[in-house]
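Below are the structure tokens for one structure; questions will follow.
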């Protein structure tokens, strides 16, 4: 009743950790068997290693948090060498998140990643608000996002999901543009751009000044955007933004998501993913639903 | 490491806004070193999501025979403020034990340790002192507070060894900072926890002997997955270039990472 | 130490209720003396009376709420006749919020309102997400916002503040466009577009489907936008979005606001505005600040 | 109307997920009519902002001589779930009394009243019955529940007058809905509170005699300022065209507003 099938992803359940909140699986893999997950979205890979931003990198906000990690990662080659082998014994599908500052970076990184046998799909992070050079532009101009999508599609051996930024006037235009450019699916949403100021220092609390807002606070924005976009594209959407429990997962499905990713909630409860996977069947039973796929877009489908 | 709803056995304000919290649960058996910490979810019960993030608090001391551990924390912000309202018999959601603590074995048996703490950096040092004592190591404590009203655990530390209390305003012990009295102490290894300026001063002052420092950083996951808590490795040729305070630390050998 | 001076507004303190959360002052005026407030922003007036949207019109979200009131109001003429006289005895400055579906509506409504002696300034609500026809467009296209601003400025006898929508890719462009068109000040932010789905009915909970997200959840977004815009315009900003207490007010000042408005928090604590006004001097004292104006933009000013 | 931190004197689960909460405070003296409500801020203490909004709960009954009032509520969602965890002696942040209640004077002295309730619409009717009784009015109650496990206050209502219990599944009282038994009751004025379909059915069934209904709406402010809770006036020529449930209601004369 939980099985879902998306391009490149045959998932025994639709619940996966969100990119950047689960590193490469080692830490949570110490707590539970990763094979219980629908899939694992690994942390953004860039062409070169990145140290990321100075600390503080996180700040709490009402029902949410800001982060400005700055895409810290050891670079695509090192990830392939050191991190991906972990998934050879595991049978859990892997989605590799890709980021960059220049189109060329994305393309090269995506090409390499897509050639890895353990990688089932790519997720293009065109929306990370914490990288200073260029990064943000890809996610806010439909034409640029489309061009990037097409270029990555041209080299990728695996399906490509494009992760949309919510910091735009017209999210539907973004979704349509990347669909037209060949995206196999969408991930939405990434974080909202926010800031906290420290009253003591009178300066922004994060060393990067702004950060990405995630957690329950942004759930209503995520639901609204998925509701709007899912009615205007025909590729599947992996929904995320503030999911804490099985009820939230169902809300995302009703809005139009075909699978979900869970980010911040892992920090609140490290066992949240397996817990939700366990609770979902009961919830669906109580709703009289025998297959979670029935719920996709039910809030707007006639 | 595990997640457990631990029972509150005692909860008391022991100094100005400083609370001592005694928890009971299986987790205590998993503690391996003094200086490890726990990550506490403070919530208004049910499914409230404010505050959202867990709060890292050091394990001050533990008694495996009674399945208890004691935390000491300052109630200041939203999370610790709510935590301070928790009553005896209630449950607290704890993730732990986390991180790597102080290496007691770095001090030779029958050697001498210097333990230096400032403010709410002092709690984990109490458990450290007890472990050092248990190994027959002679411990001297230098504990810095802002003012007399902030002092806690003086007697407890005195039982474990010579204890010099310093206050910034001179209202208790000696007036001044912990670095002012280091020359008078003979030791083989030093252990410290407190504010960054204090740790920096110690790194400058203690160069000939091993010094271990415990760091704080704002945390997300607390288990090494989110990269919120990193600090740069001092060695430019370090393979990773960074350390995560939550799982590589919070205790590091002085000089291993940048203090910031 | 709390006095602030903005175009048309000499305020003894910088705290005012936000439009739509205080009606026309009668209800809260029963609870405390409105003269304690810095100003009162009254509910949006439209040319014709509006009933607004069907209920449910509000939904709670984590640390926030969605509303889709739909600009219910008795129309500008009735407001002038029945509601404004309340402010004749009161000395509290009044900001009249103006909304419409067509430019012409805005202009006529603004003209009438600006002629009322008790009205000290207008606030152009170009950002209400809950009106179906046109309304939202004004707030998301810089050129359109500028044109509307210029037209209203041409007829208004009082200073005009333009209230910006946060649902845009480039908030700085919006702020600059309306400044250039003659706006005397900015109000920011209005609500973020959001949605909640009712798991029982499987439909959006609000009858209007989407609603405007307000409350503490959006504070980081508001702070970020004010921080960005205040560095790029020279007109004052009335800041709002999730303010609950005196600390929040100070955070908005540090970000770049010159005054603040409080919306949702009135529902949580009906006495929140006078409470904050009372607490502010102590907070400033503790910070060693003798004049709140010193704090404006301190987070970015050198 | 005022805001007060009222003291919890008693708090008990009296039926399946149905809690009876007794509060003490000055506010009780300001209550003027049965059927008024309070707006409760439920929080995890300190400054937690989840849940954010207050929760409207009817005043079930009040005793000004003891400064107490009793609320009865179903614990279901986030706010009521947290509320149900409140212990005796703790304080609850209450705004009230709010709105206009049931007009007891609409029933002639020595007349007969019919009081009809469904589920958690029943609480305010208890105070109403007591007031009607106090005026010498004979009261018949028809109270509908889903099942036996949901029934509360049966004895209390029986003391105030004849009481017919209806359950949907027939596990207690008679099987069926409140409208099934109206024909058997003689009355001058009817008062009702419960789900909209029930109120609609009553509006159809009771056309010859005055009927007053209490409505629910999702609320923001609770005091008339935000327009969240409006419902349309039935009369197309009504000057305002709408009523606010929070301050013009929650009790309306049947036919005054649209039920939705």
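Order as written gives the chain letters A, B, C and D; numbering starts at 1 within each chain.
Heads up, the rule we're going with is that a contact is a pair of C-beta atoms (placed from the backbone, for glycine too) under 8 Å apart; a residue touches a chain by one contact, two chains touch by 3 or more.
The structure presented is a predicted model; accordingly, all values stated were derived computationally and were not measured.
Student: Quick check: more C-beta contact pairs at A-D or at A-B?
Tutor: A-B
Student: What chain lies farthest away from subunit A once each centre is taken as the mean of the Cα atoms?
Tutor: So the farthest one, by centre of C-alpha atoms, is D.
Student: Which whole number of Å gives the spacing of the CA centres of subunit A and subunit C?
Tutor: 34
Student: So the centre of each chain is just the mean of its C-alpha atoms; given that, what is the distance between subunit A and subunit D in Å?
Tutor: 46
Student: Give, as an integer number of Å, the spacing between the C-alpha centres of subunit D and subunit C.
Tutor: Taking the mean C-alpha position of each chain, the two centres sit 35 Å apart.
Student: For subunit D, what residues touch not just one other chain but two or more?
Tutor: 47, 49-51, 78
Student: Going by the contact rule already set, what residues in subunit A reach two or more other chains?
Tutor: Residues 61-64, 215-216 of subunit A each touch two or more of the other chains.
Student: Counting only chain pairs that touch, give me the topology of the graph as line, ring, star, complete or other.
Tutor: Per interface graph, the chains form a complete graph.
Student: Using the touch definition up top, name the residues of subunit C that touch subunit B in the complex.
Tutor: 62-63, 216
Student: Show which residues of subunit D lie in contact with subunit C when the two form their complex.
Tutor: 1, 3, 41, 47, 49-54, 78, 95, 217-232, 240-242, 247, 260
Student: Quick check on the complex: what are the subunit C residues that touch subunit A?
Tutor: 61-64, 66, 140, 167-170, 192-197, 199, 202-204, 209-210, 213, 215-221, 223-224, 227, 242, 247, 250-251, 254-255, 287, 295, 298-299
Student: Which positions of subunit D touch subunit B when the two form their complex?
Tutor: Per the touch definition, subunit D meets subunit B at residues 43-51, 78, 81-82, 85.
Student: For subunit B, which residues count as touching subunit C in their complex?
Tutor: Subunit B residues touching subunit C: 49-50.
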